[in-house]
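Read through the structures below before going on.
First subunit A sits with subunit B, and in the next complex the same chain sits with subunit C.
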Partner chain A sequence: MKLSKIINECRLETIVFCTDCEIENGYCGDLMSDVMAHAGADCIWITIQAHKNSIAVALIKDIKSIVFTNNVTVEKEVIEKAKEEKINLLRTDKDSFTVCGEIYCLMEAKTAKD
Partner chain B sequence: MSPQLILEQAIQKKLNLISITDHNTVQHSILACKLSEDMPIRVIPGVELTSKEEVHLLAYFPNIEALFKMKKEIDNYLPVKKNNSKVFGNQLYYDLDGEIIGIDYTLRQVALNIGLDNLVDFVHSIEGIAVPAHIDKDRFSLLKQLGFLDQEADYDAVEVSKFKWIKEKYHLGDTWDGFPVIAGSDSHCVEDIGLFLLEDNQEEIRNFISLKDFLRRSKQQ
Partner chain C sequence: MSANYSKEKLTLVNELIYQIKVKEAMSKKVIFFKENTTFRKIQLKLKEKKISGVPILDNVKNIIGIVSIDDVITAFDKGYVDNKITDYMSRDVITIPQNISVVSAIHKLERFGVGRLPVTESSDSKRIVGVITLSDILNRLLVVVQSIAEKVEDKEIKNTQISHDLIKHIVKKRLRFEVKGDDFDNAGRVASITKKYFQNLGISKDIIRRIAIVCYEAEMNICLHSLGGSMTIQVNDNNAVIYAHDKGPGIPDVELALKPGFTTASEKIRALGFGAGMGLPNIKHYADKLEIKSSLRTGTELKAIVNLGVKNEIK
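Up next, the complex of A and B:
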């Protein structure tokens, strides 16, 4: 599924948009050690951890899109680093549970249709 | 644990330099500093902070005034929630004579609403030193929460658990990815005090200033 479809359907705020990549799956986690161990490549990562290490973790894991939930503040430094590394950054005031549910339903519906 | 008791035990165990670093609170660290003025032991003002990312950060300061500034910052960023004494126990306040004078009803086991890097910058702005705590542990540690140690980060040192320190046979002056390693005793009751300590064979570290200087030199090497 295209990232732009997820952004539109879930009404996510776009902070950095580099490429309209294909999202294969998703991962939700706030412990970066856990994300490094378990998140898959090309997934959309849902988290409240808007630290600049998040960008580094995304790079290591080949994650191209991150959704920051719970209305967290995203510092300028994080945004700059994301632009530099071409990572898409999205943001929402919804909590992680809600966003995961919405994205999951979207992707399941698409799989069922295919 | 009253500051009076902590100091008595530390002196009995022949410790020369200690710091009391309670979670997101400074009263007892300040009391211990005041009490120690007439005692054969030096106390560095300190606190253990929890950043927004739920990383524990130790902060040490040159004097009580700086720790007071830190307290104000904690008050600004600590969410107002009530402590549940069934879970975390009662948080008692003691006075200089070791008498209980009150109970702290504020929940201290929560994260401050400020990110780790900004917290480190604030500690530095008031001349303190900032040390991510027990980075080898599974809970509230830099490595668990943020995944890895950023070599460009501005930490003055990293702290490991005493278990890691013993296992790795660390000595003062050793480094982890370029950051000087220290370890705390993690004493949560009087009996713990003195069971674990750092040996300063060169007898260089006497107070906050010499500690800061020592860490700076260890980091550069």
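Up next, the complex of A and C:
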């Protein structure tokens, strides 16, 4: 599913939008080591951790899109780093549980249709 | 043509004229007439299309004769240019079947001194499916030679890439990084640079990911739990060795530290999403071999090995 579709349907705020990549799966986690161990490449990552290390983890794991939940503050340097590394940054005031649910339903519906 | 063959090596072209079939080279658009036409009509068509002859076909496109420019001139000469061609056209027609190699077409064109050959569906059929001239053959030959040349070019580009990689491989620079304690802003730097370095070596994605995870966790451990240290990444023929060395304070119980969930991280570190007690277990999981030596006096030495897999052993 195209990232743009997820952004529209879940009404996510775009902080950095570099490429409208194809999203195959997702991962939700706030522990860096957990994400390092379990997130798949090209997934959409839902987290409350909006610091530079999140970008580093995304980069290492080939994660192209991050959704920050609970409307966390995203520092300017995080945005700069994401632009530099071409990682999409999105934000929402909803909590992780709600956003995961929405994205999950969206992707399930797509799979069912296919 | 054959008499003037250059003595130079023509092997490729020689080979190709045997490989290319008449049907690949012929033009499928055939200008033809039925036998109830006149020489004058044919003459106008020859002039319009700048061709030297036309086949005469019946209702099912079987060839029954041919009228060449010579025949038209004779008709003018003898005064029957407005007559129907039926009684004058030559019925002895030289054709070529479509499934034969163009070398036969070349021989036939030479032997009979004609500029074009009507192409039949097969050797025992008179149905016309195309027409072939020397320039059709030449065109086809050029197209084939061009595509061969392109393939050779591609191969050459690939070869230079491979040798480039080999050179890089031979240089085998050790990567060495200083890692500061408590420096969260730069954390992840070693893993990112290492990942890019390995990508340039053309190692498989899966292996690179494992190396990157090991580097990241080792780097974070130095950053989160020590007074600072250094990392070295050494590339060997069939493995990558990641060394992480810190200045202390050392791990009192290595066995315990390897247990998932065990952590000594502060509240501040955990709030950032670190210190979940998964760093060392992750390294253990993704590395093929892990050795940890720790002393409360000199600090911790970690050595992790990731095998590069079959692909690189072949190199």
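Methods note: the second predicted complex is superposed on the first by the 114 of 114 C-alpha atoms of A that agree within 3 Å, B and C clash if a C-alpha of one lies under 4 Å from a C-alpha of the other, contacts with A are read in each partner's own complex, and residues count from 1 in each chain.
Heads up, the rule we're going with is that a contact is a pair of C-beta atoms (placed from the backbone, for glycine too) under 8 Å apart; a residue touches a chain by one contact, two chains touch by 3 or more.
What you see is a predicted model; the values in this text were computed from it and never measured.
When both complexes are superposed on subunit A, subunit B and subunit C clash.
Shared-chain residue A:67: touches no atom of subunit B or subunit C.
Contact with subunit B, but none with subunit C, is seen for A:75 once the two complexes are overlaid on the shared chain. More residues of subunit A are in touch with C than with the other of subunit B and subunit C. By the document's definition of touching, both partners, subunit B and subunit C, reach A:49. When the two complexes are overlaid on their common chain A, residue A:31 makes contact with subunit B and with subunit C alike.
In the overlay built on the shared chain, the residue A:57 is in contact with subunit B and with subunit C. Note on the superposed arrangement: subunit C collides with the subunit B stretch 148-156, while the other options among 76-84, 148-156 or 202-210 stay free of clashes.
Looking at subunit A, you'll find residues 30-33, 36, 49, 51-53, 56-57 touch subunit B in one structure and subunit C in the other. The part of subunit C that touches subunit A in the complex is made up of residues 184-185, 187-189, 191-192, 195, 205, 209, 212-213, 216-217, 220, 272-274, 276, 278-279, 282, 285-286.
Within the complex, the subunit A residues that touch subunit C are 30-34, 36-37, 41, 47, 49, 51-57, 59-62. The touching residues of subunit B, when paired with subunit A in their complex, are 53, 115-117, 143-148, 150. Of all residues in subunit A, those touching subunit B in their complex are 30-33, 35-36, 49, 51-53, 56-57, 75, 77.
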